[in-house]
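Each in structure tokens, the structures are laid out below.
Next come two complexes built around chain A: one with chain B, the other with chain C.
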Partner chain A sequence: MTTTAQPALFQSGTEELISGSEAIAIACALADVDVITAYPIRPYDTVMQYVAKLKADGAFDCDFIVAESEHSQFEIVKHASAVGARTFCGSSGVGWFYAFEAITVTAGLRMPVVAMVGNRALDDPGAFGVEHNDAMAVRDLGWMLYWVATAQEALDAALLAYRVAEDPSVFLPMALSCDGSFLTHSQAIVNVPAAQQVQQYLPPYDRGRLQLHPDNPITVAPQVNEDWLMEIRRQADEAMRRSVGVIKEAYAELNEVFPSSSFQDQPSPFIEEYETEDADIVIVGMGTLALPVRVAIRRLREQGRKIGFLRVKFFRPFATEEIREALSRCKAVCVVDRDYSFGSPSYGGVLFNDLRSALYPLESRPHILNFIAGLGGREVHVNDVNEMVDITQKAVDTGKIDQETTWIGVRE
Partner chain B sequence: MTTVQELPQIRGVKNIPLVEGFTSGHRTCQGCESALVMRLMIKAAGPRTIVLGSTGCMYVANTTYYSTPWVVPWMHTQLGSSGSAATGTAAGLASMMRKGKMKEEPINVIAFCGDGGGVDMGLSAISAALQHDEYNLLILCYDNESYANTDIQVSGASPWGANSTFSPPGKEHRIMNKRWKKNMAPMLATGHPDCRYVATACGSYGLDFNNKIRRALTIGGPTFIHSIDPCPKGWDYDPKFSHELGMLAIETGLWVQYEIIDGELILNGPSRAIARGIRKRKPIEDYLLRQGRFAHLTPEDIKYFQERVDESWEEWWLPGVIPLKKNEEED
Partner chain C sequence: MATVAVEVVYRGIFQKTLARNIVRSIVFAARKEGKIGTAFGRYGDSPERNGIPAKQFAIVADDAEELEENLARYEASEVDVTINVDDTMCKGIESWAWYGLQPINELTKPGGTLIVTSRQEADDLVQDMHQKDSPYDLSIIRSTVSFSGLWVYKDDHTDVRILGNLCRVCPQLVSLDSMLEAIREQFDNETKVASARRAYDLANVRPVEPGEGNPETPFKFELPGWKEMEEGLVIKAIDEGTGFRGGEEGYQPVRNSVFKKFSTRSMRPIVNFETCIKCTLCWLQCPDTCFDVTPDGLYDANMESCCGCGVCEAVCPVPDCVTMINEQHFDDNSSQYEAWQADADGYKQWMTNLIDVQKQESRTHGFHHVGGYAEEIAESAQPGGDN
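Let's turn to the complex of A and B:
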């Protein structure tokens, strides 16, 4: 009987053809994560399948725990983080919601847990495809929220996430939002950094004087009531504000250490601008939407139309100043939401309402229109983008908005 | 698996460690047996211990910001999270020690929950924790038979008929809680064959309690102890009778004291004497009539209660423990 040596599951310092989920699993291995918890739900669970394979083949030394629910999944990593372990977990759709209590206390306790959200529509009725409402639900709780567009960016953002979340001046959890299927399951060529590069970039997680250990017998999270809760909330608010500077620094250094990162041509860690310099209309969106939008813009530019795209990468912290600056030059903004917020102002999406709120103090405000598109994993085609641009153009031409929120591609 | 501490069994009350891990700084009620349980638990476990406390009396009444009774590291966990808290803490320690990121040493991990957090909400996470035999941990359920922190609401561990704010006796319905108490420890022991230690305990028997904690912490793997804690507020009696009521629960045969070590059942104290016929069970009314929560029970109700207890001793396959009955024809 002969045995064939299995090829290594991934090579650091090389190019690999992998999905967004696999890219994040590799980032976890490179970051030497200590405790990972899994529970199955599509589409995020592909990351855990790959982690399991890495562990089984001896390519990744971590405690990989298959929990009995998402709630336990998030509670386990929260507590592992409290004793100083680097942690990773994740979920999708209603699984993320099942964990919601654990998710909120993770931020409340200021645990630097990094989680992947494989964005998925919420039940009922069941749907596997992408919607952003799952991850969006934590936007007010103290989680940093990053929306990923490509597999390369998934790996880069995961390393950035540990660096920022574990900075003692931040100590906040970070969620990496990855569009279900379009990113979690789609393969692309990814440059995997060398292990020593990652070690150089990522210092060990040091919980410091907050570490729960017999040598440091502290009491964590006693009841505070009205005496202290407001001060503690304020501390979290300040940590989120401080994260902005930490993100900038960590982002710049990431680009120095990893010459092949996806961020090289993007000066801002918070937003990515595409053809916005002279644009009359700027489309704003998040995640893999970037692909059809870029194609549409290239074609529209060929027709001489000045259209640009602003991709929001960090939804929390929200880059208020940068977004104001970028959008103050255009005539109209076309916000594409892959989510909904029933009954919200203008019956618009979450991104739209946050963005419109951010632009309100501008002296000269562009028109802002909202489009709800691509729910439940429905593809957003180039033609859909053209339709949104045309509706926005009409507002520019007539100087008035007929309808603030439009659902795109809905059968009536 | 990381190694366990050396915590020998304590022979005699005079040898119980003098060191306290749970001291002043808490606000528990007078006569609170759960506070005593905390004290006994950490006395037995010693200072190289991390304690995780899920929401309940022993969170809210014990730990108010700016004061803490815990001399050991302590952390709050969510109501249903005692199992996950213990697993996460033990996994974090194990992983970092294995990788050389933390000094290798056996650290006790104990997560406690009340009956609401354990018998009801946290059951699934406790069950999962007991399957991970690579982690050394103890889950201690301090059972005062109601959601006592939130105003005494009925739980899955409340006794049949007990008055609570969610099961108040009324004009139309005298008995609002018609559920029989969940049989937690045997459920966990029989459902998790790799769990090496499951026990029941009572603060009225301090030395026995200490030694059960030590056995649970030294046997290796995940373990579970279910403790019955009389609660003056929830059970409605004079606080000075807490110990006595704990003993009565056992002497009437309603609560059974035992350890299940590697699948082997060992009855302890009065429960052993009852099982061997050396001691007669006291009538259940001796226990029920001492508590305001049963004041509305009629003689018929008490008779029904007694019949249920009798049945558990006379008809159960494992008397007082496993509620299965032998099929006589099959024998």
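Let's turn to the complex of A and C:
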């Protein structure tokens, strides 16, 4: 399915005052996405509202389908992707969970759907604030998972997502995780590239011999038994492994084509390092947590404290080697989880446990401490970061960890 | 530090576009001067409900690192300017986003400015506003409070008049020229540019001294720790009600002691107890169960619970028996029934007077008659508004 891309609004690069959600909606217009499905839930709904506005304004020609539920919403893009349409959808919190059957088959069928998850706490209690458990739930399913920190990055990452997901050697879906409120509802200055530049960067989605089409008679999604399944899983595993090289290449080219991308000063597509070079303690986290952490580090550095920050951008594929390399130099790692895994090892967060497992083979392992912070959208302040650093520093000074997981900012 | 923060306190839905126009224009104007900025609404306020006090912010800084200090937050910790676009909120605000009453000037920095659109006198507004221990300025833009709806925007130039005024009272934010250029670009309307310029010229301030204002301690609520909270998300019901004011006759429900929300109100009902026919409709239809049943079967609107929706006025079959009156005319939440009991003639005079005044004024939302909106627009969209 192809449509000619003639977005009226984005013929030349512009500067817009938009939220992260709106940046993703504009990225969809620039990428000339064919089919977009929607079902409202906060904070994701800010994307669908803006897509609808762009369409109503005549700036974006796409099939915009408001489904009757998230499950249908994700089913529709899966099918559209099968016939060769470039697709976009998204959800938040329990809405994302309601679509779960469709979400898992999307990866199983190797459909390069791009979705935005407006991170939101899972019910109950009904809450709108950011928590990362919703998006985290697809970490084992074959979805690539990217965590965004700024509105500019939301736009850049969305373009990267199409390029990577639709690469025939990958054909896996990708979710862009955006912190509810801080990204979805905060407007920042974003450089929007010209549509022509984007077309130069993004080749049309070509599903080739896998495309469901009358001219290409195929059957998709058979029932199988134990005699087939492991091979199918192994194929997807290989695709995820191949995505690493594709991401590197697509990232490098993105920085060439878009001089205003937020990635210009970040050599790695997978992680962002901030003041880690000589750091004794490295804080690790994802999403907009980066903002107060960077402020705290600047102040701590003024006091001579050697603190750095490693922001995990791609949670899947997990950049094991790069992260090992970056963290092997420091004395202690302070992992901040905006999620939680009940009853998990050390009663910790998901990022913490993945990270600790990645560092296990190192001969000289830094101390690793876990902090649970900012659940349900609670603000993480500079003081909270200082508290985490002080607790971590104590482990460095005494050589032992009193408590592996600490909750920060919870009312006792 | 050259970070400048501005908040707009507004009534949910009715003034959402107004607030958005203001905060976005600030960032656009700052951009003209090479500064960087962010505009955002307080997340906890949305989805907005009609009339509930809400906030939007604009924060402007010299560079990205400086701006970063203010990001990933719901509210600025303090602001250079508070803009209040409905003067009835000078009494304090309680939004969806927090528990307790927040004074309108709570975030206003020492030496900062509070801009209010109002037809009230400065001294009257200062009486409503809670005392602060630091000085600040009050700047009043003479204007009828601008209310719109979810789908319509009443373009009475309130947005650009506030922006013009803002450049005068907070010159460190942006120059008037940058602001006018931003307004021209966004609205493509020279009359709006002229309105902004005129508001700049007319801007004036009234200093508010430390300790001046409303001495009341705003009600607040301490949140419990996790060990004290009931498990399983269970909330105990409030107790049953009793007779009127705890007596044996009438009925008064027990009301939530911590969740009040009466700052939602921009108007309140007053009741004529002498013409009331005890039909029960106000009591039955009130969505907030705010009517207390008196021993003699009358209905006293309890101002601790009334959110000012006006349903009681709409359903009352007796002319001028329940009348919505602008909130600016009231200083407390005391019982009208008790006032009437104490002095029936005095009450009647007070009530009649308020009803007469109200009929002369435009309503804060809704209109007396079909076509009222068009009439107001024609009147107020003149260059410079009705300054």
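Note that the second predicted complex is superposed on the first by the 400 of 412 C-alpha atoms of A that agree within 3 Å, B and C clash if a C-alpha of one lies under 4 Å from a C-alpha of the other, contacts with A are read in each partner's own complex, and residues count from 1 in each chain.
Everything below uses one rule, namely that a contact is a pair of C-beta atoms (placed from the backbone, for glycine too) under 8 Å apart; a residue touches a chain by one contact, two chains touch by 3 or more.
Only a predicted model underlies this, so the values are computations on that prediction, with no experimental measurement involved.
Of the two partner chains, neither chain B nor chain C is touched by A:363. When the shared chain is aligned, chain C comes close enough to touch A:291, but chain B does not.
Touch criterion met: A:379 reaches chain C, while chain B stays clear of it.
Which of chain B and chain C touches more residues of chain A is settled by the count: it is B.
Judged by the touch definition given at the top, the superposed model places A:226 against neither chain B nor chain C. In the superposition on chain A, A:84 makes contact with chain B only, while chain C stays out of contact range. Shared contact residues of chain A with chain B and chain C: none. By the touch criterion stated above, chain C contacts chain A in their complex at residues 24, 27-28, 31, 36-41, 43-44, 46-47, 65, 68-69, 71-74, 223-227, 233.
Chain A meets chain C in the complex at residues 15, 17, 19, 42-43, 124-125, 128-129, 179-182, 185-189, 288-289, 291-292, 294-295, 298, 377, 379-380, 410-412. Listing the residues of chain A that touch chain B in their complex gives 32, 34-35, 37, 61-63, 65, 67-69, 71-72, 75-85, 87, 101-102, 105, 204, 212-214, 216-225, 227-228. Residues 47-50, 52, 59-60, 63-65, 67-68, 70-78, 80-81, 83-89, 91-96, 98-99, 101-102, 107, 124-125, 127-128, 132 of chain B touch chain A in their complex.
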